[in-house]
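Each structure below appears as structure tokens.
Shared between the two complexes below is chain A, which pairs with chain B and chain C, respectively.
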Partner chain A sequence: MKFKTFAAFVGPSVFMMILFIAAPLISVFIQSFQVTQPILQQVEVETCTPGFLTQTCTTEIKTVPILGEDGKTMTQTSWVGLQSYKNVLQMDKVWAAIGNGSWNEIMQIDFWKALRFTLSFTLLTLPLVVGVGLAIALAVNNAARAIRGPIIFISLLPFIITPVIGSLSIYWLFVGDGILTAMMERWTGTNISMFAQAWTIELLMYFYRVWHVAPFAFVIFYAGLQTVNMDTLESAVIDGASRWERLRHVIVPHLMPLIIFIALIHLMDCYRVFEEIVGFRSQAHVISLQWLTYDFMTPDDAGNRAISRASASAMLTMIGIVFLLILPLRRTWRDHKGSAH
Partner chain B sequence: MFLKRIALAGAVSLMGSAAFAACSYENEVPLKSLSAGFEAWKAVTDAMGECGNFQAELDQEFRTKQPAAFEANPSLYQIGGVSNGTITPLLNAGTIRPLDDLVAKYGQNLSPNQLIRINGEIMAVAMMVNTQHLMYRSDILADLGIETPTTWDEVFAAADKIQEAGVVDYPLGATMKSGWNLAQEFVNMYPGHGGKFFNDDNTTAVNSDAGLAALATMKKAMAYTDPEVLVSDSTYVQQQFQQGKIAMANLWASRAGAMNDEAESQVVGKVAMSAAPRAVADGAPATTLWWDGIVIAKNITDEEADAAFRLAMEGLDKEMVESANDAAIWLVNGYSPTDIAKGAIETATANPAPPAYPSTTQMGLLHTALGNVLPSFLTGEQDAAATLAAIEEAYTTSAKEAGVLK
Partner chain C sequence: MSTPKAMQQSFALRFSSGAFLAFWCLLAAFPIFWIAVMSFKSPVDAFADSPWDVITGPATRAAGHGLSVIDIIAGLAVLYFAIRWAFTRLPGLVQQYCPPSLIVLGWVFGAVLYAVAFVLIFFGLLPLVLGALNSLLGPLGTPVLGLTTEHYVSVWAENEFYRNFLNSMLVTAGVVTISLTVGTLAGYGLARSGSDLAFWLLILALVFRALPHSVLVAGYLPVFINSSEILRPILGDGAPTLYGQPWAVIAALVAINQPFTIWMLRSFFQNIPAELDEAARVDGCSHFQAFRRVIMPVMWPGVITTGLFSFLLGYNDFLVTSLLLDAQNQTMVPAIAGYFNRETTTTDQVEAVAAAVSITAPLFLLVMVFQRQIVSGLTAGAVKG
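This part shows the complex of A and B:
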């Protein structure tokens, strides 16, 4: 292809990628080394507020920002090096905790608490999603042709539901005396509170994520199963290979590139786990890295936002994803190079 | 809750086209408002909608949207609903306008008590007061022969008896959802134990004996609440009451009306209100006083501001209050306090009186720090002393980043 034609095809997407991916990333990267503060002054303010019948007026010294001539808050931006990263990571406390041998103390630091959950969430759901996805695909593939359509349709439903809505539904099914909790209470005869301790919440989160993502794995695997070489399968049957052996030695190796693909997508998606935290209101027990960034960004009642720490936390999340993806990406790259020759 | 809010906002925004029912004039200027979504705001914006050309957005997350929306030029909303907690960023950024001339023009029916003056200028018009106070099942307390508790010790004693009698699932309800709600519980309890939040140099003073006492009281309450209390917000506690699952709670006065809503509540007429319990016998009720009211954006034309204020006055008139008397503790003329208001009035007029919520830049930062750190104490991961130290540290970090501390 001529370079000009190539450029004409690729140009628009490169432009979009620079505009919507590279530029924000660079700006976040820069902001993570900066702190922007309003210029504050201390002034005496008299405030009169209503009681039920009469007003009370109080005079106090308040710290308020100075407004510039354009009516906007005056701010100053300064370079602070790695300070925001230090504030997020709190390495001094981590080392002290390691010195004490106290895992619990490390888990009191938001970032490490979030990292612990994010990693276990990502790594535990990965094999489950691949396994359940493959199981559904095999089941559908072996089902009678007449009922295949409806089965595919039903198995895809969880994937269509918007994540926030899905997690809220699970929350409502289980919180307090929700339908499912009430049912479990009837079976077991004990009082069950799914949202009172961390491990039950985490369990629900794993369950929800696998339920939600497995259909995606299923669709991909199902497509892959249509291309399995029937000759190889038949010769395996003639050689007396059992169902399990055929699966292990013929089908799974054939699907391996797809498994890697699913793993890549799943790692990227899961590391940004957020909806479950908000939907399940699990902040007291379980938080994720993405939620931490969001929490820094959210303004409080007085309008303060921790933009610098949010940027640092976002950069750290990205670094985490890159680390996670190195392994499967290396494998894909090797396969790619292998097949090129 | 999410869906309900969205549905509510959608329903109300349709009202712009509703018939001009009981408005004394016809509004010609297109106007929009952003406010919280509880019952009182619904009544006020409904009344404003009667004049036409008006869209109301009722959103419990208004606090995160309002500062940015008002900073736009022209402002995205002409009318804002604020509380004393959320007016601070608007004042700090100078995005709301002084109302003195407009009050002189349209505010004949306002009482001086309603005018929020900052350095002498009227910056907001209050419409109601709000506070967290004790709500209890009067039938249960009467059956068990329990006097209305006035201190937290008495609340716990009563809770013991109710638990023993086993008449409800949990004796106590509490708005302890981690984050803002949980922090607010501490903000109620801590001054009740005589604590002050800040030193003169803007460092925080919560790491103190009063802090320890406040934490101890909160922990003690957890023995009587739903084990899932760390996910329960005001709406959740309100529903627990309505479904007869709890017997007592220190809950917002703005939720009192819902107890007698026959469409939702199974305990109509059985919930009584009294002053917020005191943390120490001779102290103030362990709660804070709030007001809700309206502000007018600065970045709009004077004509729009004129029309917006006139419309707001129409929303805050006697007719509205008479039709929604029990939706809030109104400050508007024409309000006649009923039994539902008893607790809030007792709280506000107590001697010594509880403090108003101390809304400042520092308090915003401390509130966030409290909301993020307190859960680890209540789940038992940290002891009280370590929790207070962690709160102090979290506040110091964010105060330095915000430029409040050097």
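This part shows the complex of A and C:
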């Protein structure tokens, strides 16, 4: 295919990606060093109240924003260097906390709290998703052919459901008067509230994510199981391998590329954890990096959006993505070079 | 085919495997099933302590909303035959009355017509007939199961949820059409070109796929809000403010979706043998003619599958739509967040549940109709490399 034809085919797609992905990235990078504020001026205002004989007048100096010709507040953008990053990271408080040796004080700062949750969420759910997915795939592979279709249908439901709605549906089961909370209260005889402390919310979030993603792992592993070489399996049986040894030495190595694929996709998606925070309404206890950026961008009570702090936290989030992608990209690059020679 | 004796499984293993599977199915379906049940009950029943009360709904029944045994049997029978008819006779009718060139439109029209007919019969005709039957039958006609649709009525009619539904449909339809049009071309180009440039584009797309969406929205937001001032030198006084415009959100979602779309379509195009378009080229077609005349007729399975995943992205999105659309153009998923803020009474809570179920219902239908395509789409990227 000539370059011109190739360019014509991929042109529209590349154009959209440059306009809506690459360009915003650059502008976020620039914004994170800038702050846009309304221009303020100080005016001397004299207010008079009627009094006996003479008016009582007071003058005071007020700070008011300058209005432009169209009646809007005039704003100016100035370069502030790393100030926004400092506001997000709050390193002075962190160093003070490290000096005290107090982990809890670090966890008071939004960014570090979000980072801690995002990382533990990503790393803890990964083995669970792979394990549960593999277990379901093996069990379905074991089941009678007639019931496999309906089982796949039911399994797809948690995967296909809107993430916010999915986490809400679990929230409603465990909310103060929800059915499962009532059941647990009857068993234990104590008063349980699942959404009053951070660790129970986190447990539910881990559960929700595994529930939501395990079907995806299951479908892929199930497809992979159909291509396991039966001859190898049979010779393993002849060699006296037990069921567990066959799983460990024949089936898992066969599925290894798929496990890596799922792990990669799962790391990417988990690092962006966001919808759970909205669905479980956990912002007071547990937040994630993406939610932090989202929160900076939502207008506060005065209608202002903290765009520069949002950009700074977005850029800090990107650092994690770089770490996440270095290994797979190096691998792909080596494969590509290997295939070229 | 008999399994060799050494491969046969002990009873304990088969039993535990089956039990695990049953447990998983229960786990997978229960939350969704339960919110569906809750949405039909009065608030007292929906948040009752005993599960049995939630299912049978005594308070709902006492309020005069109940179904008798006859109602349940007749309703299930109509439902069964409606679904059967949809899967056996409907496809034939669509193919019979629709010219092959407009088959997609024909399916959409057929589905809408079917949905309207179903709603008319199930919610219009059936209650009338059954109401008369119940009063005649005496003991069989007394209500046993509490069930009310009042929350759906108040969500859809009083709270104007249909506006959000229409906005969702607009955004989703836009995302699916545009991202498929742009993505098919790019996917084909990438699949047929072995150049280094194509490889780097794919790697770049993979990096873009990993980006958190909030990073991108942080880039859009200031530009979208001030776009009329930024674009005025180019477009004159008619320059639009992009913030709150559905088509601007569609464009953003299409771009966010592009990396995934081109990866998936590329893997589908790689399965179409290159000899096919080479033969067309030998016969004197240009690349575009070969694409239009030879590839387009055989690419539909891949395009439908990718379309399903684009649909899910547009439909399920919360982050982008909630930040870039204003209240009057809001789609369904962010709109449900509006219920959180005023969720003070249990009635509000059950209305939120009803809204959540309304959002889930189309997805449920989607899996029912397209299960095969969704599975093939999930495995396409992974198994073939």
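Remarks
In this section, the second predicted complex is superposed on the first by the 301 of 341 C-alpha atoms of A that agree within 3 Å, B and C clash if a C-alpha of one lies under 4 Å from a C-alpha of the other, contacts with A are read in each partner's own complex, and residues count from 1 in each chain.
FYI, a residue touches a chain if its C-beta (ideal position, glycine included) is under 8 Å from a C-beta of that chain, and two chains touch if they have at least 3 such contacts.
Here the structure is a predicted model, which means the values were calculated and not measured.
Taking chain B and chain C in turn and counting the residues of chain A each one touches, the greater count comes from C.
Of the two partner chains, neither chain B nor chain C is touched by A:T122. When the shared chain is aligned, chain C comes close enough to touch A:L324, but chain B does not. Applying the stated contact rule after C-alpha superposition, one finds that A:I170 touches chain C and leaves chain B untouched.
In the superposed pair of complexes, A:R281 makes contact with chain B and with chain C alike. When the shared chain is aligned, chain B and chain C each come close enough to touch A:T298. Of the two partner chains placed by superposition, only chain B is touched by A:L40; chain C is not. Shared interface residues of chain A, touching chain B in one complex and chain C in the other, are 164, 168, 281, 298. Residues 35, 37-40, 45-58, 62-65, 67, 71-73, 84, 87, 104, 107-108, 110, 164, 168, 175-176, 193-198, 280-285, 295, 298-304, 306, 308-309 of chain A are the ones touching chain B in the complex.
Those residues of chain A whose C-beta lies close enough to touch chain C in the complex are 1, 3, 5-6, 8-10, 12-14, 16-17, 19-21, 23-28, 31, 36, 135-136, 138-140, 142-143, 149, 151-158, 160-166, 168-170, 172-173, 177-179, 182-183, 186, 211, 215-216, 219-220, 223-224, 227, 233-234, 237-238, 243, 258, 261-262, 268, 271-272, 274-275, 278, 281, 289-290, 293-294, 297-298, 305, 307, 310-311, 314-315, 317-318, 321, 324-325, 329, 332, 336. Of all residues in chain B, those touching chain A in their complex are 2-3, 63-64, 67, 71, 84-86, 88-89, 91-94, 112-120, 126, 129, 177-180, 182, 202, 226-228, 230-231, 236, 240, 289, 291, 298, 329, 331, 344-345, 348-349, 353, 356, 359-365, 367-368, 372, 375-376, 378-379, 381-382, 386, 390, 397-398, 401-404.
Considering their complex, residues 4, 6-7, 9, 13-14, 17-18, 20-21, 24-25, 27-29, 31-32, 34-35, 38, 47, 49-51, 54, 181-183, 185-186, 188-190, 192-193, 195, 197-199, 201, 203-223, 251-252, 254-256, 258-259, 262, 287-288, 312, 315-316, 318-319, 323, 333, 336-337, 340, 349, 352-353, 356, 359-360, 363-364, 366-368, 371, 374-375, 378-379, 381-383 of chain C touch chain A.
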